[in-house]
Structures are given as C-alpha cells and as structure tokens.
Amino acid sequence: MNPEHPVSKPWGGRFAAPTEGLVETFTASIDFDQRLYPYDIQGSVAHATMLATIGVLTNEERDAIIRGLEGIQADIIAGRFSWSKALEDVHMNLEAELTRRIGTAGKKLHTGRSRNDQVATDLRLYLRDETDAILAHLARLQRVLLDTAEAESETIMPGFTHLQIAQPVTLGHHMMAWFEMLTRDQQRFVDCRRRINYMPLGSSALAGTSYPIDRRLTAQLLGFEAISENSLDAVSDRDFVIEFVAVAALLMTHLSRISEELILWSSAQFGFVEIADAFCTGSSIMPQKKNPDVPELVRGKCARVSGHLLALLMLMKAQPLAYNRDNQEDKEPLFDTIDTVKASLQIYIEMLSTVTINRARMRESAMRGFSTATDLADYLVRKGVPFRDAHAIVGQAVRHGIAANRDLTEMNLTELQQFSEAIEHDVFDVLTVEGSVASRAHLGGTAAVEVRRAVDRARKRLRTCSTTPVAGGASNGI
Amino acid sequence: MNPEHPVSKPWGGRFAAPTEGLVETFTASIDFDQRLYPYDIQGSVAHATMLATIGVLTNEERDAIIRGLEGIQADIIAGRFSWSKALEDVHMNLEAELTRRIGTAGKKLHTGRSRNDQVATDLRLYLRDETDAILAHLARLQRVLLDTAEAESETIMPGFTHLQIAQPVTLGHHMMAWFEMLTRDQQRFVDCRRRINYMPLGSSALAGTSYPIDRRLTAQLLGFEAISENSLDAVSDRDFVIEFVAVAALLMTHLSRISEELILWSSAQFGFVEIADAFCTGSSIMPQKKNPDVPELVRGKCARVSGHLLALLMLMKAQPLAYNRDNQEDKEPLFDTIDTVKASLQIYIEMLSTVTINRARMRESAMRGFSTATDLADYLVRKGVPFRDAHAIVGQAVRHGIAANRDLTEMNLTELQQFSEAIEHDVFDVLTVEGSVASRAHLGGTAAVEVRRAVDRARKRLRTCSTTPVAGGASNGI
Amino acid sequence: MNPEHPVSKPWGGRFAAPTEGLVETFTASIDFDQRLYPYDIQGSVAHATMLATIGVLTNEERDAIIRGLEGIQADIIAGRFSWSKALEDVHMNLEAELTRRIGTAGKKLHTGRSRNDQVATDLRLYLRDETDAILAHLARLQRVLLDTAEAESETIMPGFTHLQIAQPVTLGHHMMAWFEMLTRDQQRFVDCRRRINYMPLGSSALAGTSYPIDRRLTAQLLGFEAISENSLDAVSDRDFVIEFVAVAALLMTHLSRISEELILWSSAQFGFVEIADAFCTGSSIMPQKKNPDVPELVRGKCARVSGHLLALLMLMKAQPLAYNRDNQEDKEPLFDTIDTVKASLQIYIEMLSTVTINRARMRESAMRGFSTATDLADYLVRKGVPFRDAHAIVGQAVRHGIAANRDLTEMNLTELQQFSEAIEHDVFDVLTVEGSVASRAHLGGTAAVEVRRAVDRARKRLRTCSTTPVAGGASNGI
Amino acid sequence: MNPEHPVSKPWGGRFAAPTEGLVETFTASIDFDQRLYPYDIQGSVAHATMLATIGVLTNEERDAIIRGLEGIQADIIAGRFSWSKALEDVHMNLEAELTRRIGTAGKKLHTGRSRNDQVATDLRLYLRDETDAILAHLARLQRVLLDTAEAESETIMPGFTHLQIAQPVTLGHHMMAWFEMLTRDQQRFVDCRRRINYMPLGSSALAGTSYPIDRRLTAQLLGFEAISENSLDAVSDRDFVIEFVAVAALLMTHLSRISEELILWSSAQFGFVEIADAFCTGSSIMPQKKNPDVPELVRGKCARVSGHLLALLMLMKAQPLAYNRDNQEDKEPLFDTIDTVKASLQIYIEMLSTVTINRARMRESAMRGFSTATDLADYLVRKGVPFRDAHAIVGQAVRHGIAANRDLTEMNLTELQQFSEAIEHDVFDVLTVEGSVASRAHLGGTAAVEVRRAVDRARKRLRTCSTTPVAGGASNGI
C-alpha cells in the first residue's frame, strides 16, 4: 500500500528552487493534523457530490472520487497508510494518494475550493464531534454528582469561607454547588457549538470562486446549521477555536476547584474523604504515602488549558486579513485542549464514585469553629434586636468562648445571657448544627429538603437538554 | 454632609485589636468598587421591599430605608458624599451612612443577606447594564461598516493572504468581513448576558438564611431572568465575569486586526486610506509625521484585555468553596475591560466615518501581483484541463512574467499560448480585475451584487436583534 | 500658579484640523505617566548640561532651564501644578510650562532628543529606583524569615508532599525554604537591574541626531552603567519592562505559595498558626469569623501580575521597528506591578512578625501519618536489607497500622518484628520525630544544626549583597 | 532485549488495590519524560559513585550499577529498549531494568534519594545542555546579522515609526537593532543558566536523608556550580523552568518582530526583500503565490511560548510545599519551548543568509514621506531658530508639499524661503538622504561609520563571551 509517490508540491509550478529539508520539517503539519482525516474525507465527499450536481464533475468522476476516498479511509483505519511530510498536510496527503489511485478525476476534486476553506471546514466538523463527546462526558459526570448529592442530602459538614469554618451545610448541598458549575459549562458548550456549526466551504482561498457552486447543498450534506456569509472572514476566522478553548478553560478551572477540595479533604488534617487506592499512587521512598495524584494532575492541567487559550488569543492578535500561515499554530493547542478535557472528565467520572466519605469526621468538624454563631444572631433578631447589634453581641460571646475554650453549644443559659437578656431557653433549638441546616429551607438553601428538590429539578433538566442531532442546512436564513 | 462617623467595623465584636492602617489600605476596595453604588442601592431597595412583605421590616422601616438610600444617592451624584477607607467597601459605606441618617432601621437592612451575596448581586446588575451599553456601541459600529460596505461595493482592491496579493476583492466585501467578526461578538455578548442575569441574592454568606425570604419577588423587582440554585456556588461563582472578559478579549482581538489593517493601509507603501487629522497625532521632533495613533493604541489595548482574562482565570484556579477574599481582585480587571472596550468602540465609530479612501491606489495595487492567476487557472479548467494541471500551467506563466517583468494582463495571446494551447482569445475576459471580482457571485463571494445582498441581510438582522428589555422573574422555571 | 497656557500641540504645524476631544482623552497618557515627572526633570537637567558643553545652549540658557525645572518640581511637590490632558503627556506638560516660565530657552531644550528616547530614559531611571526599593523590601522580609527560622530551628512540624504528611521537619527549615525562594527573586532583580541601567538618550526619534551630542557625559550625569548601542532598538525596546514584570511575577508566585500555606495553617483543621487580629477581617454576617484576608489578597494579586506580564508580551509581539504608539500601553501594567509588589512585601514584613505559632499542635501533627516510615526503611537498609525491599516491608507494616489504627511509634517490638527479623530494639531510636529530624544533618537537611548553619550563611550573604550604588558611565566599554 | 518484566509499582507495599488502567495512562509521564534518560543515567552514575565513597555501596555494587546503566543506555540508543507505561516514568523504567539485569545491587541505587530530587536533578542537567545549545544557535544567528550589517552599512532605507516613514537609516543599522535584541536574550540565558546549574540531589523526598551523603562530591561529578541549600525548597522549586521559558518567550517575541518586518518587506507594497524560494511555499489554488511561510510560522510560534510561560506560572501559583504532582505538568511546556526555540533559530540562521535585498527600492522609498524634514528643522536650529519654532516652520513646509505633491527635496530655494528667511543655499546639503544619514554619526547613530564601529565592537564581544565550560562544585561557597 501507498508506495513511493512522487512528492512534487501542489504549488510547485511558480518555483525555481525546491523547499529545504529543514523548511519541510518546520512548516509541515501532517504530524498533528492527520487526526482530521475522517473530516477531510467527509468534506471531500460532499464537495464532489455538489460538483457533480453543478456539472463540474461527471457522475463517474464523483463515484470514483468517493470510492477512492473510502478505500483510503479503510487503509488508514487498518494502519496501511503512510503519511508524507513532503506533502505537508492531511489535505495534500489524501489528494495525492487519491490521484495516484484514480487518476485525472482526483486532480479535479480541488476545483472551486482551496486549502484555506478546506481546513476551516475540517476543523469545524471535527470540533462539532468533539463538543458532542465532551457534552456527553459532562452529563455523565453530572449524574455522578446528583447521585452523591441525593445520598448525602442529610450529611452535615462545615461550610467554609476563607477556609475558615463558617456555617454547617450538607455534603449534598456542596455536591450540588459542583453540579451548578458544570451546568454553566454545559450551557456554554452548547452556545459555542452553534457558532462552530457554520460552513466556510465555498470561500475558496479568500474571495470565493468563479464556479457556480451550490453551498446550500454542501451544507446540507455535511449537517451544517448555517453558512458563512463572507469569504475573507471565513478563511481567516478562528473565533470558534478560541471560544471553544475559553469554554474549556473555565471547565478546567472548575475541575481545579473541585480537585483542590478533594486534596484538602484527603489530607490528614481534614480527613473528610478517602480516594480509592486505584486512583492514588505512592512514594518511591516514603512507604506510608498515598497521594491524591489524580486531582493534583487535574489541578495542574487547568493551567495548561489556560495557557493554550492565551496562546490562541495572542496568535490572532493583529493579523491582517485573510489567511496567514500563523493560523497553522491553532491546531496543537486545540487538540491538546480536547484531549486534556476529555481525559480529565473521564477520570473524574470513574474516580468520584469510588470516594469514601467519612461522615463522622465531617459532622464533628461542623461542630467546631462556632459555626452556629450566625444562627444565634438571627435568633436575637427574631427577639427584636437589630441585626447589626445582634452581630456585635454574638461577637462578644465568641470572644468569651475562645478565651474559655468552649463552643457556643457548650455554654449554659446563664453564661449566654450575660451577653444579652433577650436570650431564653429556646436558644438551644438554633445552636445545633442540625437545626442550623434545617432552617435554611428556601430555594438555593442548604436544608436537606431543598437539596433534594434541587436534585429533582436537575434530573429533569438533564433529561431534556440531551444534545439532539441538528438537521443540516442553513438556519441562518440563507 | 457626611461628617465624621465612627468607623467601627461591622464585624468588630469578636476582635481584640484594631486593624492596622497598612492593612486597611491593603484590603479596602472602596477606591474602585464605589462605581457599584447605584446597583448596591437598587439591590438594597429591592431587599428592603421584600423584607417588608415577609414581615421582617415594618412598612415604615422600609420607607425610611428607601428614602434614606435615595437621599444618599442624590448626595453622591451631587458630589456631596465622602467615601471612607475605614469602612472598606461600597456596601459598608452606604449602610453606615444610612444608619447615621435613619437610625435603627438602617441596622436591620442587612437581615438575611451578607456582603457575599450582595457584592455578587451588585456586580451582575452593573455588568448587565454595561453589556447593554456595549451591545449598543457594537450595533452603531456595525452600521458604520454597513454604510461603507454599501458605498464601496464596487471599489476594487487587492485581497491578501500571507500579506501577498492574492486575488482582487471589493472594499465593500472587506468591510463586510469586519462586520461579520463583530456579529459574532454581538452574539457572544447576548449569550453571556443570559448567564449574567441570574440573581445570587438570598444565598447570604454561603448557606442561605433562616429567614423566610421570597427570592422570586426580589428577582422580579430587580429584573433578573433567573435565580441561582445553590448558595455555596452563588457566592463563589465568578464565571460570568470571566466569560464576559473572554468575550471582550475576542472583540478586542478583532479590533486589533482591523487596526493592523488601517495602520498598513495608512502607510506610504500601501497608501489605501488616510485617517482624518483629528484622529492622528504628530511627532515632537519630526515635523512631517502624521501617525495613526488611534488604531495603534487600540491594537495595544487588545493585549491589556487578554491580560485581564488570564489574571481572572488564574485568580479562580484551585479556589476551594465558598467565597475567598481573592475574589475582590475580580473588579479592577473587569472594570478596566469595560472602560477599554467602550472607549475603543466609541472612538472607532467616530474615526471610521472620517477615513478617506484612495480608490485609484487600491485598484492599481490589485492589478499588480498576478492577482488574476487563479482566474486563468479556472479558465483552463473550464476548457477541460484538470485543476491541478491548470494550476501548474499558470505557475509556469507567472514565472515567465516575473522574469519578463510583465503581469498576466500585459501578455499577448501568443505569449500566453506558449503555456497551454487551450488558451484562446476569450481569456482576456477573465484576466481583468473587474471580471475576476464579478465572477465570484455566490453566497459569501466578493462580487458587488453579493456584497449588496449581504448588506441587506445584515441590515435586517440588526433591526431585529436589538436587545429587547427582559421581563424580570425566574425564567429558569423556579 | 500654572495659569491657562495655550495648549497648541508641539507637533501641530503640519495639521489642518485639531484633535477631537474624544481622541485627546483616548490618547493622552498624562493621567498615569505624571508619576515619571522627577525622572523627566532629572533627564532634562542632564540633557541641558550636556547641550551646554557642546555649545548648543549657552550657560545662561542651561541655568535658566535648570532653575525653571527646579521651580516646577517644587510646585508639583507642593500641589501647585495642574496637568493638562491637551498636552498629552508628562514630557510636554513640563516643557510647555518651562517655556511659559523662561521663554525661548525652554524651546531649545528639546534639541537633539525626541519623546521616543526621552520616555525610554525616564522609564529606566524610574524603574532603577523602584528596583532598588523592592530589593530593600525583599531584604527586610528575608530578615524576618531568618529571625523566625533561628527561633524555630527546633520546632517540629509535619513536612508535606501532595498535602499528605511525609516526614517530620522543623519549622525553621520550612522558613528557610521560603527564604531561598526570595533569594532567587533578589538575584533576578539584581540581574534585571543591570539591563535596566542602560541609557537610550541620544537615540532621538529613531536614528540618532545630527548634533554632536556627548552621550558619555549624559550617562555619567544620570548614573547609567551603560549606553544603548543602536538608536532604532533603543526607542522601541521594552525588554527591560517585560523582564522586570516577569521577575515580579515569579516573586508574586512565591508569595502566593507562602500565602496558601498561611491560609492552610490558619484553618481550624491545621491550627498551626494564628495571624494577628490586626491583619484579619471579620464577616458582616457571621460574628465568629476571623479571616486571613491579607494572605488571600496576596494570593489573588499574584494573578494580577501574571496578567500584566502576558499583556506586555502580547503588546510587543510582532511590532515592526521602531517606536509604535502601542508602547504607551506599557506603563499601566508596569506601574500596577510595582505598586502591587511593594504593597505585598510591606504587608508581609509587618504581618509575619505577628504570627503566633502553635508548637504543640505542629508537633502532634508530625506524630500522625506514619511520618517516620522512611526512617524505618532506612534503618532496615543499615541492617543490610536492600532499599527497595525495605520500602516494601515498611509498606506492609503501615497497612497493618492503618487497619489496627496504630502509628509505627505505637507498635511494640514483637509487632514490628513480624514484618522483618532485622528489626531490633534500637529501632525505637529512629521512630521518634526528634530522631528523624536530627538524623538529616547534611547540607540542606532539616536537622536543627543544619538550619542554624543555613541561617548563618544567609545572614552573611545578606550583609554582603546589599545593593551598592553604581558609579555612572558606560561599563559596556563605550 | 527487555523482556516482560513484572511491573509491580515501586511503592506498592501499602496498597490494597492495583492502579486502574485509565489512571495509569492519566498519570504516567514516560511518553514525554523519556527524553531525560541520558541525564537520569548520568545522575545515577554520580550518585552510585558517591554512595560507594561513603560505604553505602561496595565498589563491586557501584561498578555493577555503572556497567548496567551503560548497557541500558547503549540499548536505548540502539532502539532496543521498550518503555513501560506501568512503570510510570523514566526513573522507574531505568531502575526496574537495572535490577532485572544486575539483581540486588540495583535495588540499592535508590538509597538516600527520592524521585523528587532525582527528577529535579535530571531536569537541570538537561536544561543546562539545552541552554548551551540555544546559546550556540544564538551566536550563529548573530554572526549572520553582523555579516549583513557590515555588507549593508551604506544601504539607505526608510526608518519607520508608527509604520510611517520617519527618517532615512541604513539597512546595516537596522540589522544591528535586531542584533541588539538577541544580545539581551543571550545575556538573559547566561544569567538563567547560573540559576539552572544548582544541584538538588540529596534533598531526597523533601527533608534530606539520614545517610551521610557527600553532596559536594556528587555536585563535582555532575559539574554543578552550586548546591541547593534547603531540601523542601529544592524538590518543589520550578523557578528555573519558569525563568528559562520567560527568557525564551522574550527571544521569540524578538523573532516575531523580525518576522513581522520580513513579512512586510516581502509584500508587493514594500518590495524591500525577497526570501529565497526554498523558504517559501505556494498556494494550492493561486498559482502565482509565494508566501513567507517561515516568518509567519515563527511569528505564530511566539504565541505558543508565551502560552507555555503563563501555563507554568499558573501551575505553580498557590502550591503549598513541598512537591505536588501538579509539577509533572512542567515538562511538556518546557520541552515544547526548547524544541520551538531551537527550530526557530536554526531556520532563521539558514533563511536570513538567502534573503535578496532590493537596494534600489529601499533607497527610493527613503526619498518619499518627507523623511528629511527633521534635518531641515535641525538646519534651522543651527541658523539660530529655537527648536520648537523650527519644528513649526517645517510643519508648514510639509503641509505645502503635500498639497503641491512635492517632497522637500524637490522644492527650490525660493519656495523653501517662503517658510523661513533663515534658509539659504546650503540647505540642500542636509535635504539628501545620504546627508541625513551621514550626519547621525554618534554612538548608536545610523551613519555608516557608526554601524561599522558597532559591528566591530559586537564581533569582539561575541568572541569573548563564548560560553566557557564551568568547573563543577559549589561556587555558592558550600
């Protein structure tokens, strides 16, 4: 298969001297853009089909092209295809091989298109698929969180602000906070997908083509929702790549926050959870170590994706129209972003369901740190003390408690009453962590009943927003 | 007005020692967050109204609070209010002054809320307004581009790829490429606005509150489309800030590309346009200089906004729930982004309509650089030559032309026929720049007729997508 | 003082129309570059002195200029100077006022220079001073760390990797790790200062000047170590700004790491330290809260400086020579970086010396987590067991200990011997945290004796590397 | 060779369950860190040698280890070694194979060290070599620039500011501006190398070791200049990676600026240079195109390296001591930075020497744009007109010239005298581009004589600063 083909450049006519070997290596993209081959073939099949309907190709030529490309695809899948650096990129590798296989008809395939619109089309088809894959992973991870949230809707733990114990919350509530972050990511990917799903094909090099192409047909064949409206813009636009990576960077930021919490909670000091052995590694020297490597790596990988985002913004800065070769540098950061996001989501889906929760340790921690001080203040307000005064009174009680090394729950009535005469025996109803949690029973609050309601709403949402396949063809009214 | 009020901290009760002066300066945000005051007041009015409906405030207290806040707002507008660093932030400055003015009722306003949900609410209200302002600016700039595109739909200029002359295009087409970039920005701001327009109020410090608050009412009063569903998430979430700045960074990237082109076109070498004197500055030493300072500065300011984006992503990386003080660092980059984007759009709106276009110079440049070589190749294809062979034939002709210092248009028939016998007398129809442009007459192509169609479609779109006011209250089904 | 001066532009001659108000606001830099005024005056005094020695100015003109500038400086300090936006920047504000005061001689000051080399000179003089200020702050902070390290050289605490307890270390050792980070920062600032301390003056607009200027003299007067060797490069170079901000970003990264540890250590779960009240703030709603706001803000400000670094790199990307107006955008990120770094260092100097250390809690934590497991493995190696086998044996013992809920230190000899017969009674010498720490007594190790040696070496280093004033004039051999 | 070895983890003893396959893939670094193998072996040889001198290994064991490692290295070079993902990283792959080959002695090699100090040592040895390689490339590129500068010291071209023609300069002067940029890069790499060349080995996991290691000996064997002074810091420090990438980002920024100029100069509008065919590529559709792909790609790759820098800063932000797994993410950005920088320098070295210079076009362009206006102003100053007045007079002349479409050089004496009576016949001496250039004959100026002097100084500098090999062993006085 794929024997030595002559590697003359597709643009060699005008040139007096051949490309330097060093230059070939420096400029070729085949090492990384070969992953686009299924989309390049998909685009070529649609293009050939369209060219036949407008009479640029005969039906025989079209069929030869399609059969030829299918054969190449089969060979690639079977590992029987060797990519050539001299042929620069995935487009020319495929076209050269097609021509070798089917002759003249292969040379006609590039009629009315250019690599500039071809690569933009490939990239959008590829990214549409990967967005769908990520959306599916996201939904799976969200379901894991919903299951945990439901199971732990009554589990009490300390809520933190500034990493200081603030108020008791439920673990279910905390899980739903993670869920909400991912919900926004899901929405952003869906919005971004609409802007990915535009067809640039037909823009040719930069100005369109003089052939009477039928772009609506090609768009329909490729399942594009909309058609780009300006050829200069279409070949130079990389907004969809940048927006995708920006959305991914935010998702990774969320995973970095979740990771940070898992790392904290796994420490001896917190002791809230234990990650399963299968997701940890040890030390080459310290025999007792069990390290939360997976969340640490995910936290680290967050930086990587933000780095890619900035590289892409910087790449496009101040580029004049239309296509410039700089744009070739868009692929590696994009591909690495996709790989990183998918791997991180997958491993989180697996890992989270194996985490052991230490409910006793969580509850015990929630009892420390005067976590019900706010409840005492609210109690005083209900007894008629203005909030700001109540806040000051409880502040005094806490100072006393720190000095006496006694939590509010451990003080008796007389002790409490020295800070305010408004305090009566019913104060002990609000000083428990259970009472505190149960009292926050409004929309968005931490009470178990609210958490369960949030889970129900979320399950409904997840069922309805499953990404439905989009019918092809020009929803931008074109 | 606003005489020396005692600046005891709202949280001082628990503390034995006062804050250091250095610390006060280091931690206070009043220098920059005071711009939020109208939104802080708006939020407090809605909160007080709600507290009265649930019986936490009497109607008299509510009215006193609202009147008090209105009086403060009037004083701020009149420049009669002095902000205190000791009171840390806009929230405490306003509340302290309110209490000074109306007494005990002022101390009750903070019931059932915290600065954590208050600042998130203020920021969202503010950002909603600024997003609308930016959308209005964007639409205005787009209209300037449409006017130019229409007026210059027949103006021929060289289209570039790799900054090399590629094919002739029309200036109208080029203007519409700029228009398309801004259209995507507009869509992204609209998408982002939906995620901004969520109400966090009611999340209190992190866990919700034990008062029977009515969040739907508050949301309705403040015109929020949706209500946050998790208190832990709501007080720590800054996604909406990051997404906004990411969208702004892409917009600024577009403006940097437009700026680059204006700078190139204004150079003696290109000479395509002249920016009006009023938008240029000179040199302190070289008397002949007229510099395109405005586009240069806009190009530079693109970097600034990307820097802010990175700072915000890095800020949120690995933060455990819920609120941490790091988040205070979100405001300066956000505010500077908004100021930068608005100023850049405004000055572009003004400047673009004053640019003088040198049509002769543009057309003359389009004649150089063998810009119709692709048309010759397409001509050969129509004569039955496979595209790849046609490409090679024209490449040979161009080599000859370079050596002979003659453009394709300057060769006679015999000279051209030495490269292919398929060339006949009708070749001269396609070798003109006018013929080349007119032949690209499909959707997205550069032909004048297509440009005018694109302008028409765009005008229609602009009319319909004017941001309509959103009715308040919980479209997330809550 | 400073009455209405006519604000005609210094470059107005060639222009037909005045600058727009909007443009004036958009392009003026006086709001932020006025902080450069002492350096602008310093540079002008040296320039005038040099111009007099080469006969371009008379001695009387020189003296008038110097006296005039001194008068202006006095007025600025006294708050009697009003800056004009119409005059764009600090350079033109000062020159216009000088001419108003002394007449024709003022108009001659700009002979043989341009704003392009003037602003580069000002910025370098300013940055040299600020670098020295930062170096002084750094040294002060390092001394605080050395004092703590010395005082706590015997204080045992757990050393962490992956936030899991790894091995016992001393707090003194930990303090010296922080010290080492800052030492590298100090070295980088010193290296960077050498590259800041180049004089661009004399490069004029971009090509040098036709006056017979004496650059060596000016450099000597301004204390520059070296003179720029290429005028095109000198006016467009902003490397020194970027390098400075990169060095600052690393310093802030170190402070973010130190901050993270202080936040962790201040949590209820760790309880290792307590930051003084004066450096904490409370909650507007939770009366018991005492939040480590200062380290949190410093952690957040780290992001800000990295954002500035990115902005500056992006700003300079792909700028053609020589000066472009984009460069004006270098100042705000630089100034904000300097302010941020100085404020962060200052507050750390103050705060660190007030931190209370909970030695008992630290020691107790070090006893947990099988922190001496590595010591047991090393013990076995000394008894002849290959390291990898010893590691595996101790791993088994730890598994047993986790199941039995007993640390290694709590097992008796028989219990230990079931894992290896090599274990004898002397094993208890190495299983204590004190024994473990004391045994790591080589250069760089955690033993108290080594920590004290490191402190001694550091004190010596600090004494010798105090930034000595550099004599002016061309150490680059020019 | 290298048959199925049992892949039990080096830290498996404590673990009940095996690592998941997904986890193995997610956490393994062997795919990218295998490039460190020569340095890992080099470090192990030195470590074994030291262990033998302190009696931890016998001389026979040491020799077996060294011979074993040499055998492995030979097999890797010969392509006879297969890396195992189950063994995680380069360190464990090598150690496992060593033990398989030589038995028990292999298990003793890890005595007194940990992967934490091992990987830091490997990385520093590797980076020291790569820094030297980059310094050598830099020097070569600088020599190409010096040759061109010398050859073109008299070639006149327009100097630009704001991309507007400013004053005539020489191409030699412009080349020396590029040279100066690279000189600063060279200095920064040299400074950075000193901080790379520290030995962390001996820090073990985080606290040092209880074996009586001789770090001075190991440092000497490995050619390290200095020894890390704190074990906690040494295993967690990645400053040297960040500083290196920051220095590389600045270098790439310089190359992006040079690239921008080559792209501009290659355009039809400028036409100053032509890049050799071998360094350009064409278009798949436009037969006439010859695109400056190499400079475009280098300009794009600048963004990539800045992205890596930001990723690394973000990676290290807020990491508590000591080693965290996040750090594994340092390698890919570092390795890609090195590859990018080396490839970019190499291709520039090759490409620059093939660029054809169009001297006539350059000179002709320098005559346009009133480039000698400043010379006229300076002329007037010499006739006694204050500079600011002279500037205004010439501004009027330029306005007249634009209206009359005549450059200053094309006006006759009478015409010129209408702007100032000070103008006499000798004015024509300064209005020529040659006169203008020759008059700027001070240090740093553009006159040919000054350019040649700068070349001479530079050649001398280059000869002396060739990186001399550094003798090993503790120059930090340890």
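Per-chain numbering from 1; labels A, B, C and D assigned in written order.
In this text, contacts are C-beta pairs under 8 Å (C-beta built on N, C-alpha and C of every residue); 3 or more make two chains touch, one makes a residue touch a chain.
Worth saying up front: this structure is predicted, and the values here are computed from it rather than measured.
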Problem - Joint neighbours of chain D and chain A, given as chain labels - result: B, C
Problem - Interface residue overlap between copies chain B and chain C, same or different (over half shared) - result: same
Practice task
For chain C and chain D, let me know how many angstrom lie between their CA-based centres, rounded off.
Solution key: 23
Problem - chain B and chain C: spacing of chain centres that average the CA atoms, whole Å - result: 33
Handout entry: Length of the line joining the C-alpha centres of chain A and chain C, rounded to whole Å
Key = 35
Handout entry: Residue list for chain B, restricted to those that touch at least two other chains
Key = 10-16, 110, 116, 160-163, 166-167, 205, 264, 282-293, 296, 299, 302-303, 306, 309-310, 313-314, 317-318, 324-325, 374, 391-395, 398
Fill in the blank from the handout: Residue positions on chain C within touch of chain D in the complex are 10-16, 99, 104, 107-111, 116, 159-163, 166-169, 173-174, 176-181, 184, 187-188, 191, 195, 202-203, 205-213, 215-216, 227-237, 239, 242-243, 246, 249-250, 253, 256-257, 259-261, 264, 299, 302-303, 306, 309-310, 313-314, 316-325, 374-375, 378, 381, 386-389, 391-396, 398-399, 430, 436-437, 439-447, 450, 454, 457, 477-478
Problem - chain C-facing residues of chain B, complex - result: 9-20, 22-23, 25-27, 88, 91-92, 110, 113-116, 204-205, 276-294, 296-297, 299-304, 306-315, 317, 324-329, 332-333, 343, 346-347, 350
Problem - Complex contacts: residues of chain A adjacent to chain C - result: 158, 160-167, 263-264, 266-270, 282-293, 296, 310, 313-314, 317-318, 365, 368-371, 373-374, 376-377, 391-395, 397-398
